[in-house]
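Read the structure below first, then the notes.
Order of writing sets the labels: A, B, C, D, E and F. Residues in every chain begin at 1.
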């Protein structure tokens, strides 16, 4: 159960409007790596978590904080949308700024949202549930959360260079700091999970090694293009990070199975089948009724 | 530029048909974490990579291999779809197996695909381009690739427990081994990137710390729910993984900005505005022509 | 800013597992009219609301409550997914219940979610941002909220008849009651908005009547099919609900504009154009370089 | 069965081209609340309607009219797309109008549509079937239709303020008038449904009150944030609109169920489970084959 | 402008209910190649058509007929959905037919649609606007229409083999006949277009041959895999269908451009750049503010 | 199994950057008719093909080539994205070119892709699996492939007219030539399929004519609008292209079935039912528990 307080976690007030930047800021609200994604991802990970205690608490605490970030960015966008040029006539005024705002903004902000934030990305494509994963395996999901915060901070850092507005930059500074914390936090959670003996890399640890084709395939780099640049990397020789194998480099990976030849399909599906030349087709026809 | 050889990287032949499992196997073909995702993700990361040499080579080698996995799984699915019950009448036969296959399969496999694999997930939802990310920042993307292989291997391991077919299990064993390799490989790539001095965590390393609100927010865990379970984790105290700060735990995070009060909107957008009671509305009306 | 408490608003515990019902229950979690929709819709309506005071408070209170409903239903689904048959072999056991569960469940619940709830509808299609609207016009949005709660309660009532599980039915009884409250609440909000003189039907009230073609078209029912059944309804004669006009019934609505004839298109777009027969095409070719 | 006449219901001819406005006008053609939505929604509601007579006739008459509006707007867009600047070189001409049109238009109008209308919204996102609902419950659907016409008229009114073109404004005036009619009509249909004793609010009327937790939850406003602004509204005290209860205001809503603790999951799904520390994991491994 | 008559173009009445087949039939209603696709595709092609006369008339006539097919299939589905088992308890009855229907049906038909047709495909994925194309080039679009009718008739023929219901088969026979007509019709339209000298293959005819690299690339088959099976086909030697060139077969197609080496990216986007080792990164940092 | 060589099939280097054209070029990379579509479509058609030999080889050769086109266009886009204006301040510089680029570009290219290509269309909507079809029937799919290449070449020809950049035009010339080849090739494949006696038009040939309502419906043009323009076309009289029938023109197509009247629905779904006036509803209520 949630409760809401009306104050914001951090100030979300631009010094002036900029509808074109509002469109860009949507990427970190409703884009694949935006705040709606991390908020929902951590909450679903928490609700589905079968480990009571610190891990479940962690997911729900951070997911709840991210809901407050959704609120901050939505508020910022709504303010950035004020005083926007609505028509071509306004856009074609002397000030080139106005023309650039008109061309660079998302019309749905005005026609659909009436000057308010939308749950969409910077192209106007709606956020969707496939952006999040809650797999039930905490190691796989902590790794995902590390990258979610890394991609998120990367996007905020880019947006920081896309505006001169001090008020906007101020909020972005706060978000950058929280993304620093959250990257560190999920990395610490990975360490914790290992310390608690709950999961190791590679995921899932509990799948028995003996069941996979370890010998031939679990530590071999396959070079699928001429040139050997990739052989110089850490991934081509030496001990693998999981401590269980030694990397090998295979310069000419071979196929292990012959060309697949498929049998004729069910004639009731009318696929084009081998041997079904005219005569055979007529026979099939006569059987189908 | 690519070339294709007709043999398969590994055998993809079931011992018998099972259209219900074919639907399930689609998850690792066209689902969010399936082979279409990793193939396209690594190829786009390679094409967009601005570092010539071992990293670019790495992306393109592995992306090319994954295209061969797409081929293997598509082939397996096509074979699993043979001899499927097409109608309710067949499904209602004595054998409960037939009824379960009928109910558990994806009808589009037959109506749209004519008994062939589709670029969709296990629910029949099409693969889409938002499943992949090529951000240009190799650290962020290597982290994503680690989780992609972790989620992928997790799903293959689950599918391994969803069938008794020895031929299917054989192919899954191969895929599990490659996912073991690829998890190790992307972890090694992260180490390499650090060794080469190109990128550190948190991402993006090049964003100057002084520009974010480090002091207050970059290492502080905010506890947004009563109860202190999360305070017991590695993320709540001690040195942060980035080696630059010390975790703190804030039991009662406070709001840093007052409730946002928005000004009236542009009357040409007809939002419900403060103070726009009946009289004011009429004034607005008279202005609008 | 939000905070979370670990207790649930209401109990969400089934008496036993039922993976097929878990799939069905997803409709009111991640479907068009599910809890993710109302939670996000009311929160965005609140964040974008330009009227401080009781309306903004209303949106945010109820949106926050709905987040707790998302949590309850996710929890219920996770519990319903326990002990599910994973393979065809299990499904083909003697017990027909097991076969029906296997065929009727969503495989992604297990392969992707690891036995946890997903942000998808009952077909497995992800929730998306286009499910919500926050238009800035409170009357339009209150009307939408009335129907959202009506459609939601309708779906919960249907689900109530799709299970015998007392624990499930218990939670649904709670949700039905809240949907009763919320339908009443949004209807009361419409009354309030009118009392406060802020908005009337039809929406938007502030658009001047004189600007539309009121006389001919604003109160006329157009009968686009033979037969006059529809002429018997309240919408075909008598005073219109807005109190400003009288319904009329037009038995043979006529066209008011001739067939549109489009001029030739830009030859650089290579559309098939009138008069561009062979000779003309060659002339166009010679101009294009 | 339908028939088509070549004349338009109303003139759809701009005074001049404006590709940037063409993009904006797409919102009311292929957007969530556009003409494709209402046309398809009313037709599906009619086809699925189990009440012969005036209601079924109503749905099909109005759905058929809306098909004619789809045609008008498509025609208008096609005409607005003429003479558009296709390249950056043209856009960078002296006239700032041309640059604004270039930046503000949808490139797919030219590359995909060859200068013709597309079934997409103003951001270029395709119309989809989830935009419509035909629930079978006429009260729920009439409420939806009221809001569909309200949102639609709101958007047309906004578009009216986004152009100076007299020909465009002329068509919008017609659409505004029809949306006035249709809002009135669906409100009248709600009244009619009540008069005919077929349905009441809240929906569905036929669900027995005794089955929901009426006493505690059906009329109680739950205040999930500090501050009591919302207590001043019509929804917090006095008789509820359904005439069956009295609103109450609960200042501190409590949780009714303890924190959910989930049991360990099926080990075959490799979720991270409580108590599955290293030793236990190894035991699970030995069982899995 | 359209009008509607209440009678159906052809009877759409099953002999009995079958909710599992109703789900399958959705493919030809709301699937990629279903009736909603052809209806909308032909209407948009007609509205955007810049050739007055027989071609425009053709598009609009056939699009209008297809709207009547949407109606027929929707009606059939609604009737097939009657008397369906709603719960697991009903599904687990003695009759295996009931279990197969339960497992094979789409739950949204009942929860969302209340027992009515939905604008979705057989997996429950909504129809969307990207299914249709109206390119403005009639030759390209007539070719698309040929395949749309071919794919559509193929799917109807498959569905014909998926049911024993005489009433259903009766309607499918009608649809098969119309798809026969429509395939013939669009092929005839291609012939007509050539006769009228308006367009030739390859599309677009008006693009000047001299502008493409005809000599080397316009008639050469490139063999991108070992093995020469494909060299035996009509596409590898002899005159090309356009009558303008002679097919050639290239056994070892070569690359025509060296490996692309990208320059460093804009440092404000924080991509991992060549030469940006630690020292350089710090320099970039100092420049960024 | 695939292998990759680092060189490109053809040069993909612009003379200068143009982020607005980069957005437009995305249409032929990730749009419905772009290179991702043809690459995946031909590969899936090949993997699912049940005819070993020249047809299967054809699909896989050409699909493999198209993967190389994906690579070329992605490379070109990445290069076009260099030196782009990132902020409104840069856009508002004196040079109107800069403003037009800012307004006409896709912000996600920078925020999400870091200056690299994305798997999306020109509006920024992600590529999805529904863009491709591999039906198993080669005639239906060859027809689709003809139109795919026709639509593709049409779009490339339009893009050719949207830029002045010689390097871009050079690559487009290559693509135009290949699309010429591929249109010819798929037309030749249709001829080959007929020569081999495997399939005829209309598709599917194997469905027995006697099972459809040939006499009345298979060769009759139905005129669903007043006016007889369409009667002048090849499709209205004379022999049909399939050589099996003679076209007829029906000036007033009639309905063949009466208005459908649906029975009351299952009361457990709470649809509004005929005769369920107040009293009846109460009776239903008493039965529902």
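Note that in this section a residue touches a chain if its C-beta (ideal position, glycine included) is under 8 Å from a C-beta of that chain, and two chains touch if they have at least 3 such contacts.
The structure presented is a predicted model; accordingly, all values stated were derived computationally and were not measured.
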Shared interface partners, meaning chains that touch chain A and chain F: B, C, D, E
Pair in A-F, A-C or A-B that repeats D-F, with over half of contact pairs matching by residue number: A-F
Whole-Å gap between the CA centroids of chain E and chain F: 6
Centre-to-centre distance between chain D and chain A (centres being mean Cα positions), rounded to whole Å: 27
Contacts with two or more other chains, residues of chain E listed in rising order: 1-9, 32-33, 48, 55, 57, 60-61, 64-65, 75, 78, 86, 96, 99-100, 102-104, 110, 112, 114-116, 120, 123-126, 128, 130, 133, 135-137, 139, 154, 157-158, 161, 204, 207, 211, 224-225, 227, 255, 259, 262-263, 265, 268-271, 288
Topology of the chain contact graph, where touching chains are joined (line, ring, star, complete, other): complete
Chain C-touching residues of chain E, taken from the complex the two chains share: 1-6, 48-52, 55, 86-89, 91-94, 96, 99-100, 102-104, 106-108, 110-112, 114, 120, 123-126, 135-139, 193, 196-199, 204-208, 211
Parts of chain A lying in touch with chain E, wherever the complex brings them together: 154, 157-158, 161, 268-270, 288
Chain B contact footprint on chain E (complex, rising order): 18, 20-21, 23-24, 27-28, 31-33, 95-97, 99-104, 121-125, 154-155, 158-159, 161-164, 224-227, 255, 259, 261-265, 267, 269-274, 276-278, 281, 284-286, 288-289
For the chain D and chain C complex, residues of the former touching the latter: 5-13, 32-33, 53-58, 60-62, 64-65, 75, 78-79, 82-84, 86, 110, 114-116, 125, 128, 130-131, 133, 135, 137, 139-140, 143-144, 146-147, 149-151, 153-154, 157, 160, 173-174, 176-181, 183-189, 191-192, 195, 201-204, 207, 211-214, 216-225, 227, 229-235, 240-242, 245, 247, 253, 255-260, 262-263, 265-266, 268-271
Chain E residues within the chain D interface of the complex: 1-9, 30, 36, 40, 43-44, 47-48, 57, 60-61, 63-65, 67-68, 70-71, 74-75, 78, 112-120, 126-130, 132-137
